[in-house]
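Pasting a structure here, questions to come.
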Amino acid sequence: MNLNFASDNTGPVHPKIMAAMVEANAGAAMPYGNDPWMPQVTERIRTIFDWPEAEVLLVATGTGANALALAGLVQPWDSILCHRIAHIEEDECGAPEFFTGGAKLVLIDGAQGRIGADALTAQISRTGGSVHNVQKGALSLTNVTEAGTLYSLDQLAELTTMARDAGFATHLDGARFANACAALDCSAADMVRGFDMVSFGGTKNGCMGVEAIVMRDPALHWEMQLRRKRGAQLWSKHRFLSSQMLAYLEDDLWLDTARAANAAGQRLAKGLADIGAVLEWEPGANLLFARLPRAAHERARAAAKYYVIEEAETPLCRFVCDYTKTDAEVDGLLDVMAG
Amino acid sequence: MNLNFASDNTGPVHPKIMAAMVEANAGAAMPYGNDPWMPQVTERIRTIFDWPEAEVLLVATGTGANALALAGLVQPWDSILCHRIAHIEEDECGAPEFFTGGAKLVLIDGAQGRIGADALTAQISRTGGSVHNVQKGALSLTNVTEAGTLYSLDQLAELTTMARDAGFATHLDGARFANACAALDCSAADMVRGFDMVSFGGTKNGCMGVEAIVMRDPALHWEMQLRRKRGAQLWSKHRFLSSQMLAYLEDDLWLDTARAANAAGQRLAKGLADIGAVLEWEPGANLLFARLPRAAHERARAAAKYYVIEEAETPLCRFVCDYTKTDAEVDGLLDVMAG
Amino acid sequence: MNLNFASDNTGPVHPKIMAAMVEANAGAAMPYGNDPWMPQVTERIRTIFDWPEAEVLLVATGTGANALALAGLVQPWDSILCHRIAHIEEDECGAPEFFTGGAKLVLIDGAQGRIGADALTAQISRTGGSVHNVQKGALSLTNVTEAGTLYSLDQLAELTTMARDAGFATHLDGARFANACAALDCSAADMVRGFDMVSFGGTKNGCMGVEAIVMRDPALHWEMQLRRKRGAQLWSKHRFLSSQMLAYLEDDLWLDTARAANAAGQRLAKGLADIGAVLEWEPGANLLFARLPRAAHERARAAAKYYVIEEAETPLCRFVCDYTKTDAEVDGLLDVMAG
Amino acid sequence: MNLNFASDNTGPVHPKIMAAMVEANAGAAMPYGNDPWMPQVTERIRTIFDWPEAEVLLVATGTGANALALAGLVQPWDSILCHRIAHIEEDECGAPEFFTGGAKLVLIDGAQGRIGADALTAQISRTGGSVHNVQKGALSLTNVTEAGTLYSLDQLAELTTMARDAGFATHLDGARFANACAALDCSAADMVRGFDMVSFGGTKNGCMGVEAIVMRDPALHWEMQLRRKRGAQLWSKHRFLSSQMLAYLEDDLWLDTARAANAAGQRLAKGLADIGAVLEWEPGANLLFARLPRAAHERARAAAKYYVIEEAETPLCRFVCDYTKTDAEVDGLLDVMAG
């Protein structure tokens, strides 16, 4: 039985997406985004985002999407406000600094992996000023957060409004965009309302490797194309990015896979609580953190894959359910832990 | 009929490679290169390169492979010697400058798209010196060259020896590595003998999007891994890079596809000469440049895809045959031109 | 009367230093550090640091010294541990990020503007790890700290030993190196014992604009020279940096001016306490922060120059005494405040 | 006797300039450009350039002025067109690449160290295009050229008009701006007419170390201030840059020193021809290149300082006359050579 809960990127490509890629593999197609699938991708994202002028660029990695998006929003001498545990801070080996030419990530603490309004107000008031300081740049939020929790739409609206009013651009790291939409039962348009640029993820949720950089302002398109090429993220056989993304969007497949992953995540959360684990944060989707009873951990560690974030008597562990996780698999993990 | 001669990257993925990717899409696999296919890729490349200690990193684009490889070989204040029409100079939008932190590409002219020994000697003697100058860095050669010609093994040996003796590292841009091996009827080990780092291409020759950065010196491995991650080139669902590359290497598929592409290219070269076109350089593999009779061009431009490099009465045109090009397709193009 | 307490860099050049520069202005001198004064500077610093192999590079700004020194110690994907209020974090507009190619400043809190041993231990244990994280780089300490306090020699030894044992390089921001030596009544050799690279300041303490980058390991010399040139910090008429620095070091002038500045700072600190101001941190040298009674601030703000760090009923204000501040000037400021 | 003809930066600071710096060294002055001299510098340059809205930033090195100016004009993915022997290409160790974030210097050949109109036309037509290429950025001209020759005002007008019409910004490297004005007997306003940004040099012509970055468009001012600070080029005791520059501009001292240097240069050129040396290019000001008779070189090399650019039977040598060179010194050198 598949007891791999290490990450949603350990999961396979969804059969419909793989089939679309195989289907796209017929004859010649022009490279570098000039394939017939790409205009449909752009059109589809404009529609679901309700951003009629938006432009879309596809890349193969989430780090690429984030780093390029931020580079398009800030200057090298600017700040990027983010949560202390944001992926762009903790898990990208400094890619945002590399692609922006050295912008400074300014970290904000906050309960449940969320930036609070008061903390953001305080940081905004401290940012910028004289020529000796880094300047106002962008606010980057992540939803689903890296703690597995959710920002509500009201919270997103409050934070993005504050940032914009203070002169910051706004970026959404949507590596788990679909999971957040599914969990909040909101539309993509609701989710992106307060943002200037979005990393719209596909890889974690059933794709092979494709993320969309979606920019609300089409004036940025050409510069972003140059940044993508120069950043070595422009695919020659681009049809395999665009057909992939198109299949992901088709018939709301992206929401179906997210709902499946979230359901598994919520089942696991409940089950973990039942066996005496303590959930570190409020799991909102398919990613969760729990302090396991020592005995449960001892039993599970050999049989299942998951990450230990902090070694302790009751170790802090991370579990992620990809879209394929069945009830049987979740229960299988819980059974192992229960002994 | 498929009259797309615009590039080898307009071609499809080889069925065997696509099948391998579909096969790899079963259940969970650990991400970021920790999949079971990757060690086999490394082992296979070590064998065919006869570099028993080599380390291999996979990325999805040729620009990524080149830019990361060069960044691992030179300092920001170093020079990179290359031909004036090298891909790293002309077609990567400054990616080498970006990834190296601003190293300077120093251009060397040379007939047939090849750097000559005398020109290299002269440039080496002018490079480096005082603190005011950029310093000695790397020599980057391309085989098949961007002119579609070939360096012989003797020429590679002469140039790389000169560079190394003068304190330069050596890099091979092998976007068409397989085509060069097939054309020279040499082994991969013969090809790489004088190099420190190789961009071993797959995408142009039947893969979907995978290139191997092969470093002779394993001491560079960790730094290169960090550069790849920071450069946003590390795939999470990495199994689709490694299974892809493994299928490409299996049973010398890489040589089979290259031979097919080269045969089509040579047939096209002969045919173009027969209809009165003038070959600009000596076509060695699957890439060729010819000045077309005006009438031939007028007839062909609507029916076929190829790039016009220089508009003129007899325009300079570029044709590339990917591995799928059949005799019928080549003859079809020639027939259109012949009118 | 001179009631400018805004910064030590508002003060003039010491007459002996200016005289030395005028004296050096005779006839021709070779440029770029090849003047006759520079070898004497290197020799003198080797002696006072007791670093017999050290190499020295002169630049004109403190930001340049810090940014180049750090760039010589870390890779772009490394971390630089420093206090939250370090000059490199707060007052250099991202110059360290620029010169290092995007290294990440990792901030450590700590009372009195000092990093504590426990906080450093905790941060070290969290730094580095997998390819997704920024790696271990350097610890940068500042003495006199940006809070105006001092690290004792024991504290420096403890922190630098911990850092080195964990694989970090060590950097001292010595913008007020002389003030720290004078305050601790220690030798320069004592101060630098645990460090790999030192920014040895002159500008704030009576020079016109000169800072020495002192590297313990001479193997870094050539690379650092290239970084200095490429960073546009290499003076052509370099004799005016080296003669300046030599005069600063001559007969311990650097300690004399520091002692004068510190004495004024301590007199001011005592006086401020006497008029009811609350010192924010323990002033160890010539830089101090105090919360002024509102009335005192109202009286002083028009008559004197100093920075308000935080507006409040009792505003937090910063005062710096340069080496020229007389008892009369200090008392003059206090008299104004007392009303 | 002073037979140092190695560079104009081997010369001393002009007594009037040194006196102004000594005079500025009285009491306190606000740092970072907030001194009372700086507004006068800006006003004076606006007047002589006839650029009423221009903004001025002072730095200490010519490389700093050039690199920052170019960074303000181009994007990292842009090209900078310049002559093959431009200082920014040959003598700045890649500083333009560093400060621009990796822009590409595109080299144009041309007789007499000058870019010709035809060559510029050809290069412009080859620059930019698709996302794979570096884009149009800036044209950088140098007057006096690095060959010691001059662009006439007509030539400057022709080249800058062509560049601007094609969408390039225009930069003048004016390290020897004064020498060029003096030689062409034109005003500063005439010289800068076609440019967007000028590096207005002082150091080579009697200053200690000061160069003005003059930007025609004041909208760039704030960004350029941030670039200067982040580039570690912002002086704290800035009064010594501004008082220095002000004295240089006072009563046209800058033209007096340039005329003196040029006169010495022309006397030397004539004298060299008289003793059988062959001038490599047409010397227009104070910088000249000549192939010396072997015997003359043998006699001079021990007695005088000058650079050998190319070793040969009749070596190519570079001579520069700074503003202090007297007839006696020039004749002294010639006498040594004549034997």
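Going in written order, the chains are labelled A, B, C and D, and every chain counts its residues from 1.
Criterion: a contact is a pair of C-beta atoms (placed from the backbone, for glycine too) under 8 Å apart; a residue touches a chain by one contact, two chains touch by 3 or more.
Molecules present, by chain and UniProt name: A, B, C, D = Low specificity L-threonine aldolase.
Just so we're clear, the structure is a prediction, and the values are computed from it rather than from any experiment.
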Higher-contact pair (C-beta pairs counted), A-C versus A-B: A-B
Identity of the chain that, by mean CA position, is farthest from chain A: D
Euclidean distance of C-alpha centroids - chain A vs chain B, Å: 33
Whole-Å gap separating chain A and chain C, where each centre is the average of the chain's CA atoms: 42
Junction residues of chain C, two or more chains touched: 76-77, 92-94, 98, 101, 131-132, 226, 229-230, 234
In the complex, chain C residues that touch chain A: 76-77, 90-94, 97-98, 100-105, 107, 131-134
Residues of chain C that touch chain D when the two form their complex: 2, 4, 6-7, 9-13, 18, 22, 25-31, 59-64, 67-68, 92-95, 98-99, 203-204, 208-209, 226, 229-237, 240, 305, 322
Chain B-facing residues of chain C, complex: 32, 75-77, 101, 131-132, 135, 223, 225-230, 234
